[in-house]
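This report concerns only the one structure given below.
Letters are used for the chains, namely A, B and C, taken in the order the chains are written, and counting of residues starts over at 1 for each.
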Amino acid sequence: MRPSLRALMALLAVLALALFVAACGDDEEEGSGSTGGAGSAETQPASGESKLIQADPANKGKTITVGSKNFAEQYILGEIYSQALEAAGFTVKKQLDLGSEQVAFKSLKDGRVDAYPEYTGTALTAFYRVKTDAVPRDKDEAFEQLKGKLAEDNITALPQTPFQNTFVITSTKKTGDEIGNPKTVTELAAKVGTSKSISGFPECRQRTDCLLGLRDVYGWKPKFVSSQGKFQDLDQGQSDFTFAFGTDGELALKDKYTTYEDDKQLFPPYYITFMVRKAGMDKLGQAGQDVVAKIQEPLTEEVMQELNSRVTIDKQEPEAVARDYLREAEFIK
Amino acid sequence: MTGADVLAAIEIRDRTGTGCVAENGFCPDWIADNIDKYWSPLLEHVFLSVTSVAIGFAIAFTLALLAHRFRWITGPTIAVTGALYTVPSVAAFLLLLPITGRGNGTAIVALVAYTLLILFRNITTGLRNVPEEAVSAARGMGLTDGQILRQIELPLAMPEILAGLRIAFTTTVGLATLAFFAGGGGLGEQLYSERAGTGGLNFKSNVVVAGGLTVLLASFGDLIFLTIQRLATPWRRAVAS
Amino acid sequence: MAAGGGVVSAIVAQAGGTPGLGCKPAPDDLGTFRDAVDFIFSQRESVSGGACIGGFEELGDLAVSHMSVSIVALLGALVIALPIGLALGHIGRGEFLAVSVSNVGRAVPALALLAFFVAFVGLGFVNIAIVLGLLAIPPILTNTYVGVRQADPDTVAAARGVGLTEGQIVRKIELPLALPIIFAGIRLSAVAVVATATIAPLGNVQSLGNPILEPQNYGGAGQLGAAIVVALITLATDAALGGVQRAVTPRPLRAPLWRPRIRRTPLAVPPRTEIS
């Protein structure tokens, strides 16, 4: 055999061996995620009332398919709902990577999923062609409007979460200091004019609840940078500002990033509601609805930010994060 | 549960935003700890790539044989497979969704479509480049068309066919990451999504590992085809000096 | 809708669109394909409202931007891959680099490469052109190398004996023979670049990928319409490069456009067929 061919076969054998050893050599059992170290204060359940979700025998045998869209917060929420319903005795199937809201809503209407969590503002503008300016800025009004429209499609919107996840204009703390730390976007627009840039997803350029809104409502026309890295753009100086999301984990890093208040209410409300189709509601029953309401209660903006941080900053799996949340809140063991 | 109780129970961790993982850098420690998240998707990725190339080859080979016999088939086939190749891959996976549904099936359909052009072109070219003298000599010796195909034309076309397979495999391995957008498996989920606990596209370590495994897989396939090529066509080596 | 502005606004307002916007609301009764075609030809209001999308004007601008970055990327790839492929092929070394490394380079997922590049180098036209150029190098490099290698060694030796320099040998003998296969590589690269420029908006470069990446604004019709336009432009690019290839190939080496059915007689020697 010619030497070069022999060398080739040797190289192949080594590669094969390496891949084989690596693939088969890791038979460690998958840990179900850590619960972290730094002092969690465990409170006793108040006056004998346990928060634990009890498995209801009436739910046995009922299968519910839970969906979600395809980013961190949606994965976490999808997992929380799924695991909570599972603890309540339902058989839960997960379809957590549906895609954008268009695909998710279609899946819901077609019956591929029984329920998924959606933002009130998004649902009104994306599914029912309500112009962004026409969405009520009062969260309950927006919710009632959405509830009515969904009912026409035989979908029930369960009560909203405490937190909302709306756009937040953000910059690095350094930039904020440089321009004198304005508190609101109005002040910011007055100080900065067209000299600065803001980054956002490509669709932002033509949305009235994004870049166009800054122009129309605040009279601010920054340069637009289209990209998919919000905080990365800030860190690397690709843009001065960015359209961040209210529950982004990075926003908890107050020494790194500064946010500006949307005083003119440019952005519509974006509260989560668990949307359930009729067939799903029949299976869920009142008990199921109570479970959903219960596990939503602790989800404040700060808590959601923490959960998001665990996924985006600590790089944990959403499934493990959801389980830790339910355990820390004492909904499951 | 009151707000205060809740926040006391849900552990709000102390984060400074510094540190290799938090800053989305290249972190060998994290890679060592989390490498097992990539093995099963890697196997799926192999499955997707190999299946797509195999199916693509079966289709392209059949079409090429037909085109060899009925020359008029070549033009339209190149046109159709070429058109399939020009649809941007990102769009193709998204557009197929409503038609073929989510899952590996859709991914394989799209991947097969992309391999057809390369394989068809290479197989037909290989068959066409068989020296006319060899075919004439065989015909002179009394071999039938079928025997000529099997004993003369196909063996002589092997280098071109194998070259096509080599290219089709590596291209498919790269495209198979997009199977994730069609609801399929493979390394796409680790690469693009945070759901796998790997940090998505923004995490440099993840991009290096997931992308690196893709390239490694492609190298492996490339070497295999190269070895087959060297083993199956020894006469070529006599010509090259 | 050729009527004056006032009439248009009234009709638009009546139909539920935003008055004063200057474009009609999106039709909701066409099938997906007809909707996509309508999107290509005429403007309409975006799905989320407040902006005009579609029509030749916008698609034209996006196409120009799309092709600009694609052309720069392809030229860059040519400038790098052609000389290296010619040099390596001529001296007959570096097959590993020109073929294997190059081939494996095709496996790098474009989205990942872009994200990685953006993370290290940044956004913008030049950076995206570089990313696309990197993706375009493998087919050109491999095909150039293989094409030059296939030149008959005896002819090359004879030319050397006659006194031609290495450079002249490459230019006059090896390159013309290799042109068909080199162009095959260039065309493959061009198609890949134009198709991949779809993801340029993620790097702050406008392109026909914008409608595809923004379903909230463009809807399914916009996505399909843009994909159709990209496919058509890619086909046109391939055809155009095919034309350049014919123009540049020396006449005796050109394969006939229309090939008559070859009759298999012992004495007929058909011309060397084009390797595509």
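The rule is simple: a residue touches a chain if its C-beta (ideal position, glycine included) is under 8 Å from a C-beta of that chain, and two chains touch if they have at least 3 such contacts.
As the structure is a computational prediction, the values presented were derived from the model and not from experiment.
Chemist: Among line, ring, star, complete and other, which best matches the way these chains touch?
Modeler: Contact pattern: complete, every chain touching every other.
Chemist: Return the chain label for which the distance between chain Cα mean and whole-protein Cα mean is smallest.
Modeler: B
Chemist: Check A-C against B-C and say which one is joined by more contacting C-beta pairs.
Modeler: Comparing A-C with B-C, the pair joined by more C-beta contacts is B-C.
Chemist: Centre to centre, by mean C-alpha position, how many angstrom separate chain A and chain B?
Modeler: So the centroids are 32 Å from each other.
Chemist: Between chain A and chain C, what is the gap in Å from one C-alpha centre to the other?
Modeler: The separation of the two C-alpha centroids amounts to 37 Å.
Chemist: If you average the Cα atoms of chain B and of chain C to get two centres, how far apart are those centres in Å?
Modeler: Distance between chain centres: 20 Å.
Chemist: Do you know which chain A residues sit against two or more other chains?
Modeler: In chain A, 228-229, 232 touch at least two other chains.
Chemist: Touching two or more other chains, which residues of chain C qualify?
Modeler: 115, 119, 213, 220
Chemist: Counting only residues that touch at least two other chains, what does the list for chain B look like?
Modeler: 24, 98, 201-202, 219, 223, 226, in rising order.
Chemist: Would you mind writing out the residues of chain B in touch with chain C in their complex?
Modeler: Result: residues 24, 71, 82-83, 85-92, 94-95, 98, 121, 125, 128-129, 132-133, 135-136, 139-140, 160, 166-167, 170-171, 173-175, 177-178, 191-192, 201-202, 204, 207-208, 210-211, 214-215, 217-219, 222-223, 226, 240-241 of chain B touch chain C.
Chemist: Which of the residues in chain B come into contact with chain A in the complex?
Modeler: Listed in rising order, the residues are 1, 3, 5-17, 21-24, 30, 34-36, 39, 42-43, 97-98, 180-181, 183, 189, 193-203, 216, 219-220, 223-224, 226-227, 230-231, 237.
Chemist: Where on chain C is chain A touching in the complex?
Modeler: 16, 18, 46-51, 53, 115, 118-119, 122-123, 201-204, 206, 210, 213-217, 219-220
Chemist: What residues on chain C touch chain B, complex-wise?
Modeler: Per the touch definition, chain C meets chain B at residues 100, 103-104, 106-113, 115-116, 119, 149, 153, 191, 194-196, 198-199, 209, 212-213, 220, 223-224, 226-227, 230-231, 234-235, 238, 259, 261-262, 264-266, 268-270, 273, 275-276.
Chemist: Spell out the part of chain A that touches chain C in their complex, as residue ranges.
Modeler: Chain A residues touching chain C: 100-102, 125-126, 129, 131-133, 202-203, 206-209, 212, 225-229, 232-233, 236, 238.
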